[in-house]
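Down below are the structures I want you to see.
Okay, so chain A shows up in both of these, paired with chain B first and chain C after.
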Partner chain A sequence: MSSALTEVRRPAEAPAPKQVVRGKKPPGLKKARTFYLFVAPWIIGFVTLTVFPLGYAFWLSLTDSDGLSPRTHFVGFDNYMEIFRDPLTLSSLGKTGLFALVTVPLSILAGLLLAVMLNQPIRGRGLLRGLIYLPAVVPPVGAALTFRLIFDRDAGAANGILSGLGGSPITWLVDPNVRYVLYALVLWGCGGAMIISLAGLQDIPRELLEAAQVDGASYWQTFTRITVPLLSPVILFQVITGVIGSLQSFAPLLLSSGSLSGAGAVPQGNYMYMIHVFAQYFSASRFGYASAMLWLLFAVILLVTLVIIKVSARTVFYTVEPEGKK
Partner chain B sequence: MTTTNPGLSRRRFLALGGAVAGSAAGGALAVGCSPASSTNTPVATGTGSAAKGAVTVMSQAGEFGPKEAKAASQALGLTVKTVEYDLTKLTAMLASGNPPDVVRGMGATETPYLVARQVAENLDPYFEKSSLIKADDIDPVNDVWRYDGQKQGSGPRYGFAKDYSQDCTLWYNGALFDAAKVTRPSATTPLLLDELLDEGKRLVKRQGAKVSVYGLNPNGLGLFGQLTWMTDLAGGKLTADDLASVDFSSPEAQRALTWYLEYAKAGIGPTVLNPDPNGWDGPTFQAGRMAATLSGYWLGGLFAGDAKSAKVAGFAPAPQFDTGRRVSPCFGATGLWMPKAGKNKDAAWAVMEWFLAGDPAKARAAGGWGIPPLKSLQKLMPQKLPYQKQAYDVQMAEKEHFSVTSYTPYARQDAINAVITRELPKAIKGAMPVGQFADTLNDQINAQLADGKKRLR
Partner chain C sequence: MSRTYRWAMWLVLLAVVVAMLSPIAWLVLTSLKSPAEMASFPPTWWPKEPRLANYGDAISKVNFVGATQNSLTIAFITTTLTTLSSAWVGFGFARLSAPGKKQLFVVLLATMMLPGIVTLVPTYLIFAKLHMVNTYWPWVAWGLGGSAFLIFLFRQFFAGIPRELEEAAIIDGCGYVGIFWRIFLPQSWPVIAASVILSFTGAWGDFVGPAMFLSQDSTTLAVAMASGYVNDKGLPMNNLVAAGAVIYVLPVLVLFLFMQRRFVSGFSTSGIK
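What follows is the complex of A and B.
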C-alpha cells in the first residue's frame, strides 16, 4: 500500500505513436505532397525563369561571350574591373543617379499635391482623377513615341505653339533640352503616384484631423504634423519603387529621343545606364560585359534600397509596428 | 577556359534549361530545347526536291512571312514556319543550339562578322548543284556575301541577296528642283558631292527657323558606310587592309568628314541633332518634304503606288568627288543565310533557292523594290512608268561602278556607327575641330576593333 508521500510520480507517458495503417499514407505527408503539387508551377517558373537566368547571366559576366560565337573565353572578373575603367559606364551611371534624384521626388511631390487637391469635396473630382490617372495607363512605348512627335523640331506641336506665340523653335530632342523632355514625360505619368497617395490619404483616420482642427491647428500644421507622418509609409514605398524604376529606365529614353535606329543614337543627355547596357549587348555584342554591368546595377539598387530603408527608420511613422504594438 | 564546340556542356545545359533571360534590359535569352546537331556536312540537292521535314525561316513579315511560308510549303512539300527577325531571339536560338534554318541578313555588313564567328554555313556546295542559280547568272553584288577570312568579295558564298541597291544613288524630287530653279541631276553624269551640297542649300525650305523641306539627306544606311565610301571617292581607305583598324586622320578621310560636317552644320537635312521623325526617307519624300536623298534604287518601289511621287521622282547616279574616281557601293544586299548549326540544311537550301531564284524572286523583281540578284531576272524590273524607265536605265549603267567594300569582322556596324553618332554632335556644334573628331573616332573605334579581335582569338 503506498501513501501519497511515498507515491512515486511516474513521468507522463509519451503519446503512443500513431499507427500507420498499411496501405494508407500518413496525413502529414499527404498534405505536404498536396502543398508541393500546388506550388510546383510557381517553383518551376521561379527556378527556370529567375534562378537559372540569374545564374546564367552571372556566368556570362565572367566570359567574353558575344552571343554568337561558339568561342567563348572565361575571363574571370575582368569585365567587372573594366566597368570602373570605362568612362562611358561611369558617366551613364552618374546620369542615371541624377535622373533618379530629380524625377523621383518630383513625381512623388506632384502626385501628392494632386492627391491632396483631389481629396477635397470638389465637383467632378472623379472625372478629374480619371483624367489625371489616364497617362499612367498609357503604355510607356506609346507615351515615349507621342512625346517624340510632340517635341519634334520641325513638325512637333510644342514648337507649333511656340511659333504661334511668336517664339523661335527649340531643338527639344537633342542636348541639352532633351532631358527636360524626359522630365516632362516622367511628370506626365504622375497619375500613378497620385492614386497611391490618394489611397494613403483616405486611410488617415478622420478623427485625428478633426481633433487637430478642434485644437486650432492650421491647415498647414495639420498637413505637416498629421497627414505627412501618417502618409510616410506610403511615401517610402513610392521612393523605393520610384528609385528602382528610375535606375532601370530604358524604353522612354530610347524612344523619346534621338533616332529609332538604336541605342547609339540616343543624345548624351539621355544616354543612361540601361541604354549603355543595351548598346553593349546588341550593338557591340559584348554579352559578358553587359551582364557584368547588370550585376553592378543590381548591387547599386540593393545598396540604395538598404540605405533608404535604414534612413527611413527614423522618419517613417507606422501606426502598427511590425511586432503588432500600436 | 575556351569552349570551341557548340555541343559542349554549356549549350547542353542551356538546352535543358528551357528559357533564359539575361537581364531586365531586354537582354533576355530565351532558349529552345534541343542541342545542336552534329550532322553539319552539307548534302546538296539541286532544286531541293529531295528535301524533307520542317524548315524555320527567321525573317521580317513583309519579306518572308506566313504567306510566303505557306507558298513555300505548297511548292516544296515541306513544312515551313517563320519567326519574326529579332537579333535577341536569333542570339538566344543560336546559343541554345537550336537556330532557325534560314536567317535574314545584310550581306554587305554582316558576312565577315558571321563567318569569323563560325556561325554561317558555307553554301558553295549548294550553289554548285543548284538548277535555279547558275554561276554565270549571279550578279556581282552577291559577292558581298563572300569572305575568305581576310577580304570580302572572294572566298566561299555564305548567303545570297534577295534584292539589292547601290545605296548611294540619288532619288530627287523634280518639282522641288524646278521650284528652286536648280537644274535636275543628270541621268548620266554624276554630280560632284560639293555641287550636291550647294544644291541642297538652295533646295532647303524653311518656315522661320523650321525646316519644311529637306534639301538633301546623305545619311544612307549609316554614317560609317557613307564615310567609308566618301574616303574611297577621295582616293583613300578608311579601314586598314587587315580590317583591324580605321584611320580617320588621313587627308582623304578628313575630306569626307569635312564634307559631312559642312552638310550637318548647314542644317539642310536630317542629322543626329535634327533627326527626321519619320525615321526613314519614304514618307518624307512622299510628303514632298525631301528634295534629294542618297537612298538607292529600292526606294523607287514606294512610288509605284503613289502617283504624286511617281510624277516628280527622278533617279541619278551616285555622286563623286572631283578626283575622277567613281564608286557606287552596296551597303545592304539583304538576303538569306544558313546557320552552321541548322539541323535540316538540305530542306533549308530548298527554301532559300525557291525564295531567291524561284517564283517569289520573279515577283519581287517586277515589284521594283530593289534589283534582282540574278542577271536573268533584271529584265523583269518595272519600266512601265516614266520614272521607272528612267531609273532602270540609270541603274543598269550604274552597275559598272560597283565594287565590294570589305567590312571588318571585329565589330558590328551598329557599334561603330554608335561611336560616330555619339561624338558627332560635338563636332557639328563646333566644340570639337575636325582633326580632334578624327582622333576621337580613331581611338574609340580602334579600341572596339582590338577588343573584338581579342575575343576571336
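What follows is the complex of A and C.
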C-alpha cells in the first residue's frame, strides 16, 4: 500500500542524468523555465486572487469604507478597537468557538469509529461505506434545508417522534435548542471524516498489527498503541481543516433564516461570527469594520492552527520524516 | 474476531446506515405532502395522497430552469478549468524542478489553511470594479487558478509514475507539454474522477459565491432554493422546499453513486494523508 509519505521520497525529484548539448542552453535552465510555465496558472491565481485581495482587505480594515462611495477615510486601527467594544462581535465569536469545540471532535471521533468498523472484513462493507458517506456529498444548502424540515415545529419528524412518545413538541430552530440541530447536522456529514480515516487506516502496515497480536496484545492495546499513533497525522489534518471550516461555517445562517438577505433578522442566540460579518457587510454596509472582523477571524484561525501544531508535535507520530527535513 | 462480535458490529453499522438515510427519506416524504398535511400536528409519516404536483409547483414557483442552467454552467466552467489547471500545475510540481520550487510548494500547502471567506469580499470589490460581477468571469478566473488541494492530489499521483516513461518520451523528441498531455494526463483518471466530483459538487453546492457575485435573476439553484419558496406572507412553503431540494440534491447523489468506486480509489492511489 502506497502512502503520500513514501511517495514523496520517490525518485521523482532525483536529478536527471546530465546531458550537455553543445550550443544549447543548459538543461537545468530550460527545465526551470518549463517548471515556471507549468506552475504559472497557480502563481498568477495566487497573486491576483489571494495576495492582492488580502492586501486590499487589510487596507479596507483601516478605513471607514462602505464599499460604494468613492471617498473613504483612513481611520487607523479604530475598526479593530471597535471589535472589543461590540458585544455582538465577541459573543458571536464565542458561540462560533463553542460550535467548533463541540463539532470538530464529535465528527472526527464518529468518523474514526466508523472507519475502524468498516476496515474490518465484514459483509457488504463497500455498500455500507458508500451509504454512510452519502450524506457528506449532499450540498450544504440541501442538508440545511433537510434538517429544517426534520426539526420543523409542526411538520417535522423530530417532534413527531416526541409526540409519539408522549412528549410535547419542542421549538428546535431557536436558541438554545438550535445548537443541537447543528450538532446533528455536522454529525450527519461525518462520512467525510470516515473516508479520510479509512484511507489512513489502510496505509497502516498489516505486519505491524499482526506482530502486536502475536506478542499477545489485546485488540484495545493494538488500537491505542499502534493504530492511533500511526493515524495521528491524519487526525491532526482533520482537526486543523475541521477548525478552519467550522469557524467560517454558514450552516447556522441557512438553518435559521433560510436566506442571506435575512442575515440581520437571525435570532441573536444563534448568531455566529460569519453571520455578524455578513450583516455588517451587506445590511450595514460597513466594509471597513467587517474586513477588520475577518482579519480577526484569520488571526484566530492562524493562532489556533499554530497552537494545535505545537501541542501535537509531541504526540503526532510520523513514520517518515516530513519532506524538507531529510 | 469472534462471530457474535462481528454480528454486533454489523447491526450497529446497519443502524448507522438507517440513521444516515432517514433524513433523505424524510425529505422525499415531505416533498409529497399536501399543504394541509404540512400544517397538521402531529405530522403524518406517510403522505395520505402523494402529491406529485409539488414538484411542478416547485419548478414553477422559482426560476428553476434558469437557475439550473446557471448552476450547470458554473459547475461546468469550474469542473473543467479547475481539473485541467490543477493537473497542469500538479505536473509541474511533480516532474520538474527549479530554484524556489520547495518554497512555492510550501506556500501552496499553506493556502489550503487560509480561510476562503477572508478574500471573498475584497475579491468581490475587485471584480465589481472590473465590471465582472454578474458574469461568469470570476468562475473562469478561480478555475484557471486551480485548487490547492487538487494540485496536491495530482502532484502526489504524478510523482508516483516511473521516470522511465518520461525519459523514453524525451528521447522520442516529446516536450514536457506533450508528456503531460499525451502520457501523464490519460493515466491519471482516478484523480481526474475525484477532481471532477469534488469540483462539481463544490460548485453545485456553493452558496456564498453565487449569492454575492450574481444577481437574483442570474443566480444558481442553491441560492434560488434557499430563499425562493415562501408564500405571500413570507412563510416558507415547506413541501415545495422539500420537492425543490430533492431535485437539487439528486444530481450530486447520482454522480456520487456512479463514480463512488473511482472516487475512493482516486484518494487511495494518490495517497492523500
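The rule we apply is simple: the second predicted complex is superposed on the first by the 268 of 326 C-alpha atoms of A that agree within 3 Å, B and C clash if a C-alpha of one lies under 4 Å from a C-alpha of the other, contacts with A are read in each partner's own complex, and residues count from 1 in each chain.
As a working rule, a contact is a pair of C-beta atoms (placed from the backbone, for glycine too) under 8 Å apart; a residue touches a chain by one contact, two chains touch by 3 or more.
This structure is a prediction, so every number in the text was calculated from the model and none was measured.
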>> Quick one: is A:169 in contact with chain B, with chain C, with both, or with neither? Answer first, second, both or neither.
In response: both
> Of the partners chain B and chain C, which touch A:57 in the superposed model: first, second, both, neither?
Replying inline: both
>> Looking at A:244, would you say it contacts chain B, chain C, both, or neither? Reply first, second, both or neither.
In response: second
>> Which partner chains sit in contact with A:150 here, chain B, chain C, both or neither? Use first/second/both/neither.
In response: second
>> Is A:80 touching anything from chain B or chain C once the two structures are fitted on A? First, second, both or neither.
In response: neither
> If you count the residues of chain A that each partner touches, which comes out higher, chain B or chain C?
Replying inline: C
>> One more residue to check, A:271. First (chain B), second (chain C), both or neither?
In response: first
>> After the superposition on A, what does A:183 contact: first (chain B), second (chain C), both or neither?
In response: neither
>> Quick one: is A:202 in contact with chain B, with chain C, with both, or with neither? Answer first, second, both or neither.
In response: second
>> Just to be sure I read the superposition right, which of the two partners does A:49 touch: chain B = first, chain C = second, or both, or neither?
In response: both
> For chain A, which residues lie in the overlap of the chain B contacts and the chain C contacts?
Replying inline: 48-49, 52-53, 56-57, 60, 67, 148-149, 152, 154-156, 159, 163, 169, 248, 250, 258-262, 274, 277, 281, 287, 290-291, 294
>> If we count contacts the way the header does, which residues on chain A are in touch with chain C in the complex?
In response: 1-8, 10-14, 16, 31-39, 41-46, 48-50, 52-54, 56-57, 60, 67, 114, 117-118, 120, 122-123, 128-135, 137-142, 144-150, 152, 154-157, 159-160, 163-164, 169, 188, 191, 195-196, 199-200, 202-203, 219, 233-234, 237, 240-241, 244, 247-248, 250, 254, 258-262, 274, 277, 281, 287, 290-291, 294-295, 297-298, 301, 305, 324
>> List the residues on chain A that touch chain B in their complex, please.
In response: 48-49, 52-53, 56-57, 59-60, 64, 66-74, 148-149, 152-156, 159, 163, 168-169, 171, 173-175, 248, 250, 258-265, 267-268, 271, 274, 277-279, 281-287, 290-291, 294
> Can you list the chain C residues touching chain A in their complex?
Replying inline: 1, 6, 9-10, 12-14, 16-17, 20-24, 26-27, 30, 33, 37-43, 45, 85, 88-89, 91-99, 101-102, 104, 106-108, 111-119, 121-123, 125-126, 141-142, 144-146, 148, 151, 156, 158-160, 163, 167, 176, 180, 197, 201, 204-205, 207-208, 211, 222-223, 225-227, 236, 238, 241-242, 245, 248-249, 252-253, 256-257, 260, 264, 267-273
> Within the complex, which stretch of chain B touches chain A?
Replying inline: 1-6, 10, 14, 17-29, 87-88, 91, 94-95, 114, 116-119, 208-212, 272-275, 277, 279, 411-412, 414-415, 417-419, 421-422, 425, 448, 451-452, 454-457
